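As written, the chains take the letters A, B, C and D, and residue 1 is the first residue of each chain.
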Amino acid sequence: MTLFYILLILFVGGILTYLGAKISKHLGHAIAFTSSTLSLYFHSILYGKLYGFTIDIGLFKLHAVAFSPLSWLIGEIVVVIGFLSILASFKEKHSDFYYLSVQFLLAGMLLFVNAYDSITLFLSLELVTLFSFFGIWDGRKESAVKYLIWNLLGAYFIVAAIAILYRFTGSYFMNEVHYLGKAQKLVLFLLLFAGFAVKSALMPFHVWVKDAYRDSPHSFTALLSGAVSKIGIFGYFLIMFYTFAKFFIGAKYLQLTLAWLGGITALFAGIYATTKDDSKELLAYSSISQLGYVVAGIALATPLSISAGAFQFVGHAIFETLLFFTIASVAYRTGTTRMTELGGLIKKMPVSFIGLLFGIIALSGIPPTVGFPGKWMLYESFIIEGRILLAAVIFTASITAFLYSFRLVYSIFLGPLPSKYEDLKEAPFNFTFPIIVLLIPLLLFGVQPGIVLYYIDRFLSIFGIGKIEHSYSYIVTSLGKFNALYVGIVFAAAFVFAFIVYLLGGRTRKVHQFDNFTAGEVVDESYKLHYVDDFYLFLEREIKGFLKLRIESLYDWLSKFVDGLGDAVRRVYSGSHGDYIVYLGFTLLLLILIYGGKLWF
Amino acid sequence: MNGGAMFYGAAIALIIGGIMIAATKRNLIKIIIGLNIMETGVNLLLITTGYISGGTAPIMNKTWTKVVDPIPQALVLTAIVIGVAVTAMALSIVVRIYEKNNSLDIRKIKEMRW
Amino acid sequence: MVLKIIEYLGIVFGVIILGLLYGGIARKVIARIHRRYGPPFYQNILDVLKLFAKSNEASHGVMFNLGPVIAFTGVLVSLFFIPLGSFRPLFSFEGDIFVVFYLLVVAPLGMALGAGEGANPNATIGIARGLTLMLGYELVFFLSVLAPMIHHRTASIATLVTVQSAFPHWNVFPFFISAFAGLIALHGMMGEKPFDQVIAPHEIASGPMVEYSGKFLGLLQLYHAVGIIVETGLVVDIFFGGGNWLTFILKTFFLFITLVIINAVMPRFRIGQAVKFYWKYPLVISLIGLLIVAIWR
Amino acid sequence: MVNPILIIAISLFGAFFIALISPFVKRTGKIIAFLTIGFDLYIGASLALKSLRTPVIAYTAGFKPPFSINLVVEPFSAVFLLIVLTIGFLISLYYLAHPGEEPEDKFFTLLILNLMGASGIIMTGDLFNLFVFFEITAISSYALVSIRKQKASLEGGIKYLIISSIGSSLFLVAIALLYGQTGTLNIADIAAKLPFINKSVALVAFLLILVAFFVESEIFPFNGWAPDAYQGAGEGISALLAGVISKAGLYALIRLTFTLLDLPLRSKLLIVFGIMTFLIAELSALKQKRVKRMLAYSSIGQMGLVVAIFGIGTIPALKAAIFQGVNHAVSKVALFLLVGMVIKNLGIYKLDDYKGLGRKNPLLGLLFSLAILNLLGFPLFAGFWSKLSILLSTGKQGLYLLLSLILTGAIVEVYYYVRFMKILYERNEEASHLEIHLLEAMPIIAMAAFIIIIGVNPGLITPLFEKASEAIFMKFSYINLVIGG
């Protein structure tokens, strides 16, 4: 029942936070902190246990069981990031309702990853949708509405599938699809997949991400990207290897299609990310891109590729959250997330810089960080399976990651410091703490990927998929080997060597940022030394045609169409009583003719 | 059977005619008259269902051999009362409309639409 | 243990010297092609010593200082994971080609970070170009390397070297199409003309290096020197059979000089042109190479 | 012994008592109305509770059916009786602190009569009696809609009157046809004799009844009056339309098409017209600039949805439809009452004028949001369970097109309601502060509490719906109940 109590803590804590904040802001913060800490503690001690509960609410029975090892893993990601996010959000300005929605959101996500029947699944999915909507609502409402509409669309796909599934199986449990035809299974699978694809922002359902991430409160964005997007990924695992396991493992073409969808998402989102001026928009697309790898990995459904996907999503949870926290701390101090207005902050906010630096290193998948093992396994599995073009697409996507991640670190932390930021200080502890905390797993899982892989092994063996060969520090495939520990050691040794070489050289002197090579010009503040606008203009120029081709325009057209349809349809109500009588009379006559005709002629 | 086709035909004609008047006329009074005509048609239909050709009034005396069904007549009485109430209601609304608009033209009160 | 460390240090020094010599010879060769006299072939070694001897050089901050160090670290790490022919696989069995691909990025990243803090737009433009160019050549290189990899069913470079140990088994013969594409990619990777938009001395004043002087520049020189060996060595290992220490050096040298000669007679692409070029011809060539492997298998 | 006739008797007494004393004691109408409806509710609730165990039948004139008019309260009608009386009671509670429409005493007389008519429709077991109660409800609602001496009210009223009286005439025609065939007016009796009715007469009568009550339950294309009446009427009356009058019409529609004339084409017609209404109304609401008209379209749409789900006709579907009907009644009444409070204070009608109101008045904003979120079917609110039940029951029957259309309409609905919420919470320094009388907000708070309690534990109320749906599903149990025993 521990899980139930965790949910109870979060729900009650949320309500108490709301009420407490009405009395005093600090009381609210204290309650929110307590409840998130408690949930973190209680969830952590569930490690390695089977847990769950059933409650009867009359209409349905709700079952929550940690039937998949990933349940605990994602749950832990959720509570950790939730705790950090709540901690950071104390420094930001929020309405009292925000803390309630964050805690309810955490509860919803915990319920989702443990949902054992489809009712609980849908209930928790809607909880997640609703309360992440309220989280974004605290930032900017238009984006929240966009988020809500898209995610409801996804939820509706899922509920449609649940309803149809119920029709055929007569059961609300997710584990019973035996006597369905292949086509039926395919349709249901695709419905569910599309639903989760909206949550995990797979193309072409990704358009809400940019606005939602950009406009949500900064510490909430970390939660959105780090934890909420994992809901979709967990959903993929659920349907691919549990509900439709037999069907999916056999459906090679389906696997390939979905893997390609993931690959294309990774590539396109990566390219879009390079063109963004807003750091959070950039990270939004990078998040889409990284989750594309995950989809590509798990959709290929070999033990190695699944491990790759799973590892990548753990990595994504770590580095993407880290990145959003650093952006949050920058935004907290400077009040902007637009890269064109920032620069040179390394001198003022070193901890945030280190966070961002390691974040982008992991994001681009450079060893020995948590970003690499997943990518490595992904390539190996693609090549082993002979999916070379897919590997190439993913590889290109990962090159775009270098492009946009450098732009991110450069535009914010490097380059000249604008004079308005002269008096800036490092972000408060509430922001630096999450950054420092997240750096630990980022490096630890980078040199010891086995910690995560052993957990994934349990998933693979429980669901009977297979196993991969690895230890704590190395992974072996039929193609080659990656020893993360050695890479880490060589890295450290090489750095020490290079640093010694560096120390061998002469002394240096610190100079002002404008004291640089400008071909004789004497520069000051009025010179634009910060190369940030249109960073990759030459690239954009080459791919102009591609950038113009956006799925958004289709959606815009569609929404305009619905709007116009609404305007056209309401003209039926012409306001004239005569028309209404005519509608009435004609419909009646028509009905009599149709049904009477059947009877009489 | 208890009634001629003529009565049914007349009733249906009255109903359709009334509805058509209500639908096409612009003067509110005429619309209400149309509604009344429709009601008359309905009442006629009701009566017809209980009518037996050549039957007498359903009064319990010694000579009753062939009486019409009394219930439709009772119903019609009620229906007429209801019809009057509706007409009265309608007319009172029309009076108020006339006070507001100085016109009985229903086209002039088409403000609410769409 | 100590012996091992000394051995590794020796290798590193050897490669540094070798790389600097390659660089010096390249300068000489280019000069001769340009009908100049050119510096002596050991000029680069002197340069590095001089640069390290300089003091009181301008520094823009911590990352500016650490940038060259990271760059040098990056190439050194890659060096350890690339077999220098059959001479010393070092750690090559512990990390295959995908590890190397990503390790190779560390060095440019370090340079980019350092140059970034220098707050000179020239440097950043250079880096932006470099990254964009990467979008061009990396994919081509990846695809062309895949061909022998898929054929031999291994991603380990050391294994690749062993399977083509004898002369006629060089991968370049069966996979000449892929190898050709790989060479074009290597050309861009090394930043030789027509793909030297990153440095482009006449446009953006040596790009990322613009703010660097003294020991920073010295470190970058070292990085460049080791980089030559690492990059050419990688191609030699994959396509030209690795070889023992002597043949490895000869192979890398000839490969490098070939690239340098092309460099000497070429003008420079605009960055957009360069990327487009990669997307057009070499990419198609490498895909054809892959297709052949697929059919052959 | 609680007798259903008491509801009618008390209401009539209350209504005429107001009229009687109004010349002497001014401004007592609302209190008498509150007490009368409260008493009605008490009787209705005890009847409903009782009827869950054993259905209650009351005979008039000492004859057993089919020879006399009888009132029947069995689970299905009990649920509707509860809805109608509870909503009526809450509206009268609301009017305790909210000024009634002028002239007040007549207004409250009409209000009581309207509720009496609605309860009569729900309880009666006689077809013609149903017609009479139906006309009582209709005439009082024409008056209630047009009691405001404003152009819009009068316009709404006259349109409502014209269309609705045509509808009721059609119903009377159907009664005539059925009487001509069976010689009886008792619903159960006619239902029992259905096999002996001429097929074409049954068909025509069925269609006439269908159309007549489609008019009343706001189904397209018979609902031309509805948006105008909603928009023109006072806010409490709009609430009454959404929560009581349309629900009574819906009850009659379901009762007459399920029990009286159980023709197989019912299912298709209800589904087609229901879903058509749902989609058209939701789309029409999309572009509305006036809050009440938007809510009106949404109300129409919800009625369409409920009718469509009733059309599926399986027990889970019926249960879901009843549940959704309850949720719609609660939410929409709460919304209309809230709008009434805003209009009373500020006199604003346009959507854009609501800018920032919710932010400035937290209680108002909270109640608005709760009602909206419930209507949209978000979890933790009752609406989630009803919407989920709807979807599951639709899927269960394999009506995939219906399922997808419902979801499409739901998305549209979410969009315009969330847009409304957005306007409510937009930053606006000039937003006014509202004086909210606690008594006025009381009914809405009660409904919000209901929404949340049921949202957390739907099991509290669903057994009721279960019984009701079983009752309407098995028409022979009704026939046996009335004429068998």
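One rule holds in what follows: a residue touches a chain if its C-beta (ideal position, glycine included) is under 8 Å from a C-beta of that chain, and two chains touch if they have at least 3 such contacts.
Bear in mind the structure is a predicted one, so any value in this text is a computation, not a measurement.
Colleague: Tell me which of A-B and B-D has more C-beta pairs in contact.
Modeller: B-D
Colleague: Could you grab the centroid distance between subunit A and subunit B? Build each centroid from C-alpha atoms only and quote it in angstrom.
Modeller: Distance between chain centres, rounded to whole Å: 67 Å.
Colleague: Whole-Å distance, subunit B centre to subunit D centre, using C-alpha means?
Modeller: Each chain's C-alpha centroid was found; their separation is 28 Å.
Colleague: Please work out the Cα centroid separation of subunit A and subunit C, and write it as a whole number of Å.
Modeller: The separation of the two C-alpha centroids amounts to 36 Å.
Colleague: Taking each chain's centre as the mean position of its Cα atoms, how many Å separate subunit B from subunit C?
Modeller: Here the centre of subunit C sits 99 Å away from the centre of subunit B.
Colleague: Can you list the subunit A residues in contact with two or more other chains?
Modeller: As it turns out, subunit A has residues touching two or more other chains at 570, 573-575, 577, 581.
Colleague: Could you list which residues of subunit D touch at least two other chains?
Modeller: Each of 158, 162, 166, 227-228, 284, 287 in subunit D touches at least two other chains.
Colleague: Among all residues of subunit B, which ones touch two or more of the remaining chains?
Modeller: Residues 19, 22, 31, 106, 110-114 of subunit B each touch two or more of the other chains.
Colleague: Based on which chains touch which, is the overall arrangement a line, ring, star, complete graph, or other?
Modeller: other
Colleague: Please list each pair of chains that are touching.
Modeller: A-B, A-C, A-D, B-D
Colleague: If we count contacts the way the header does, which residues on subunit A are in touch with subunit B in the complex?
Modeller: Against subunit B, the touching part of subunit A is residues 570-571, 573-578, 581-582, 585.
Colleague: Which residues of subunit C touch subunit A in their complex?
Modeller: 9, 12, 51-63, 65, 68-70, 72-73, 76-77, 80-81, 91, 93-99, 102-103, 105-106, 109, 112-113, 116-122, 124-125, 127-129, 131-132, 134-135, 138-139, 142-143, 146, 149-150, 153-156, 159, 205, 210-211, 214-216, 218-219, 222, 270-272, 275-276, 290, 294
Colleague: Give the list of subunit D residues in touch with subunit B in this complex.
Modeller: So the residues of subunit D in touch with subunit B come to 128, 131-132, 135, 138-139, 142-143, 146, 149, 151-152, 154-158, 161-162, 165-166, 169, 172-173, 175-177, 179-180, 183, 185, 227-228, 231-232, 284, 287, 293.
Colleague: In their complex, what parts of subunit D are in touch with subunit A?
Modeller: Spelled out, the residues of subunit D in touch with subunit A are 158-159, 162-163, 166-167, 170, 199-200, 203-204, 207-208, 210-211, 215, 220-222, 224-225, 227-228, 265, 269, 280, 283-288, 297, 373, 378-380, 384-385, 388-389, 391-392, 394-398, 400, 403-404, 407, 410-412, 414-415, 418-419, 422, 425-426, 456-460, 462-463.
Colleague: Under the definition above, what is the set of subunit B residues touching subunit D in their complex?
Modeller: Listed in rising order, the residues of subunit B that touch subunit D are 2, 15, 19, 22, 28, 31, 35, 38-39, 42, 45-46, 48-50, 69, 71-72, 75, 78-79, 82, 85-86, 89-90, 93-94, 96-97, 100-101, 106, 109-114.
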